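Each remark here refers to the structure printed beneath this line.
As written, the chain order gives the labels A, B, C and D, with residue 1 at the start of each chain.
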């Protein structure tokens, strides 16, 4: 409920600014007895790390994570759990900032970059760390990714994968999505044929000193029926908040989403029949959530990211004294922030699901009632 | 954080099922000294009430609200406040259910209507009040609308208005939106020319025993800069959760939303210049929110509603014993639930803004820093 | 976190004033499938009800509770659960106020009764329902008792019992406490020999138009090891808050409490040895809680209640205009509010334990590790 | 609401174990524009630091705090605020552990020290960091003290002071309390004549390898009327939870506390009269809180601390295999943990008051209604 805390039972409190000494988070409420090392987290951070290609910011950050609390290892944990495990106490994670180059930003110290958080931060707080966007920098998402790595371990049966499905006007045909393909290109693109199209588009955008928007799709397979809860703890409402809280996100949809507005009731209703391992559905317009509760189908969502406003073209704006000025943003920036959002979308989805699992277990003991069975599985 | 509680400081806890004796909510955290009578709330409930046209459910409910606590009136309040006022203690609101007709639903007691919350409620809880959808019925939204009426009084400078901007495939041209027009037709349509198109479409849908989706747009004018807060208390993240929690909602977007994905950075950046009463913006792609904090521009959002799955066409589904059955939903239902969602979208927006205002006042004392001024206004 | 909400997962939101139309609460987060009727709750309300003896207020209230939501009964629940059960949705409880007699309070409308909440309510809110104490009336505790009746059903293995152990200067010798005796006298006194002493003391107090303080002890037997959690979710911290929130409470102690300050480490350490069904302790100075987590011993606490300030002796005070006045409180009041607090102390203890159980189940799956066993029981 | 988070709007999330690399906290919700440097915090930590006398543990820890986020300094903050200020974003504080000596604890790795959190941690989590008490170590209170230093700056008009008023059986006469005296001796004793008595008692305890309990009193002067809120946000209930959450606390009382049980209504009612700057009270039995809201009088509380169970006398207990063993705790420990609790009690009181202030400002705008005035001051 706090400004900088995510989740109810699996709770993540993040802190840190782009050019401060470090950033990090505290993960509270994690179950005990889960094997966890820094390497488990580092893999996900490496996926998100900047400086990995010409279409992402050139800032060089190792993003090395340290676990400062909440885990323990001794002979017994080695024997019983195979190594270091969570203890149920808060897990503090820290990532040091290394390559800040604060001097890059001196010019904009007093200016409000259009489309950026500069002005509302000033209006609200009266003082702000403007270096690299301060708290509103996308660097903060490193803490989310680190927390997400732990969240995945809380729901080991769930497989979460995200992909970029649109860059600028170029959208992937949903029928052509191949999740395995996302690892084969620098855009997390699930359609090999789209890769050269995006490459050309992004090259043009980069050369123009401009930027472009994107849409990221995410799918969580293996979520059992019963997670989430009416009416404000709805799984889709929690997911919407978590995904919309990512920098530059402007829209979230679940399942058929906005397209559902144009459908008829017949088209939209996912019919059910009985399978060997539980109910089967003829389609997944619902995106795996009905009435705020998971159905056992894959949970699917899409997030729209705006183009960053850090562009080379001069734009009209104001400074803190209220004077009109013309501003072009130099610094080091991503032409398409949506690309780097992929691991963040996965992480936020993981955190929401871990939280939903714990809340479900609290109220019901866990498990689900299966049609035809009289007791909870 | 609770399942059925909305908001952090302006908190709304709703309760009640479609066919129970009553439904209602408790509004906690409301400031004291606000004039409030049942009539103030009833006006908004009357807008939402079913049974008002052939395109909404024919259930007849007076939806008469009672205030059971949290207000006080005596000679002094009459003199100083003009009548009954809030006291700062929890406001309990109750609306009795009158026209339940539970017998309508006997046939579906054991069945899972496809596209409905029936199955996940069963899977999660093992027992459910299936009459009229029970807790997942759209009737619950009456409590939200009642709470929203109070929320509006907490932020009297803010004007909130919603409209239906798409029904089925027929979308209103944004350039043709005339907010005043919404009161002139039964569809909350902001474009007079679209009314006959929707009328024909809905008539066809109704005769076919089908249903259709819709998109609702909402605009809050008068929100000052500075409300909302990074990073999970973001105004747009809170709004996304609140709107996605409405029955049948499948998507939420802020400002340019999904369209922003196709824009360039130049197109998307709302330029600023100084006006007589503060900063002016050349456009509002941001939807009045940057970095999770309001900018002073109108806060704009859009919500996609799916077509209800209560249709006359038989659909394949399961019953509680896991047997495949064929089901058609008779009962009384809306062919387009999006229409009745309009006052609910307004109410949820009001609740989010009232909460954001109180949180902003808590941390900063209220007000905002204006460019050129050295102190908080 | 809300002002009028208790608990985290088993959440109780109370509302209502002493002389409004009704009071009640919403219980959210209750597990589904628990048999629950109004009679289950009424029994506890009847224990608390005023008008039952000459040492408690003569206000006559039937305190009849109605369940307005969150339960369901049909043929299947009759067959599988034996009748009406909780559904996992919010349970709304309402108790109508019948015997208000607001005219009794006209004289004190503008006055601040010394030792009462009148002045701080005025200072904070500027307006207050002064009739019968309004929101600060002990009548609100009826809602707590009703919620507590449900909480007990969430932790059926736990037996909770409270008793008055001191009235004025007359304290029961701990060695003479016989819990069964509490039901045999109107003071919930666990020592038969103390009854006539208190009777005489209270008769004197009543005739003098005065009042007297009291101490209530509570014991919860059957709480397994493992409930509660470091460091702010400590079971004893939660219990302290819940008990201190009861009207007129001024002190809370766990186990040996303040007496522990005078003990040596040897005296205070409860030694352990192995019993047939788990660890046994040589004593219970800890009151069943170590490090904020239950040990499996009975959870024991004591609460101090001040004498009510509603007395016939004139006292110096102020009115809303800041004028010095002399005030004596007529009305109908308890000479010893501690007596009627007994069922409230039990109820708050039950709510805290139900909440702790759900939180424990969320994080760990429930159960506890037993010494010598390698897996969770 | 989280296990390791304190407060609602001024929120403190602590993390860290006694023998991990570091401990710390994240303070979220702090108002912006408050001057804050590490030196502001270090002063309070130095008061709490171990290794400062023969009656406290000999562990040597510099307890040097680092601020990792949430503050900013540039030319403008130097000019307008006099230096580095808070920005309204989360403040991350870290204190490295230096002098751990984990080998001291090898003997007790598998044993449950009687009266310690060892057994319930094992029962709950199945795994625990036993080194130095791990998470349950009093070292965690360093994070609380650090957060309290910030909290004091949120309520600069409030002066908070604590003192030890009882050690073992030797209690200070309330009439002899001289707050200034507390700084003149190593026991925070407010009565110079008691110092030699305690010195002798503690010397005896230390030589015997035993320990002794204590009572700490705290007073907050300058809290205006109106802070706190019915019914669970009561200032005294919040204070009770915060103080009871401190290691080894077993009792909390407000104002007259348990002594109120023996008083008559006449004795307990604090009479009011009008003073030049607002209401004056004839006494402060209420401890500055009525109906859960501050009255403008000093807020006073007392906390009982048990003697630590880390003693040299062998005690019967169990190991993780359930075998009976005899245990004496060597290590380095405080003979009277109550002494070192003084700055912790102050810090928790400061955090509760800062939070109450922000919550009050949220709901009401701040300030208070004064008798005789028609508007909020």
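As a working rule, contacts are C-beta pairs under 8 Å (C-beta built on N, C-alpha and C of every residue); 3 or more make two chains touch, one makes a residue touch a chain.
Protein identities per chain, from UniProt: A, B, C, D = Chorismate synthase.
Computed from a prediction, not measured in an experiment: that's the story for all the values here.
Overlaying chain A on chain B by C-alpha atoms takes a rotation of 180 degrees, rounded in steps of 5. When you average the Cα atoms of each chain and compare centres, the chain farthest from chain A turns out to be C. Here A-C and A-D are compared, and the pair linked by more C-beta contacts is A-D.
The distance from the centre of chain A to the centre of chain B, each centre being the mean of the chain's C-alpha atoms, comes to 26 Å.
One inter-chain figure worth recording: chain A and chain C are separated by 44 Å, centre to centre, where each centre is the mean of the chain's CA atoms.
Inter-chain centre distance (chain A to chain D, centres taken as mean C-alpha positions): 38 Å. Under the contact definition stated at the top, the residues of chain A that touch 2 or more other chains are 1-5, 8, 14, 29, 32, 88-89, 124-126, 135, 229-230, 359, 364. On the chain D side of its complex with chain B, the touching residues are 1, 9, 29-32, 80, 88-89, 229-230, 358-359, 361-366, 374. The residues of chain C lying in touch with chain B in their complex are 1-5, 8, 11, 13-17, 20-24, 26, 28-29, 32-33, 66, 68-70, 72, 74, 76-77, 81, 85, 87-92, 94, 109, 124-129, 134-135. For chain C in complex with chain D, the residues that touch the partner chain are 1-6, 8, 14, 112, 114-117, 119-126, 135-136, 140, 166-169, 205, 210-215, 225-234, 236-245, 249-274, 279, 282, 285-287, 289-296, 304-311, 313, 315-324, 338, 359-360, 364, 368-373, 376.
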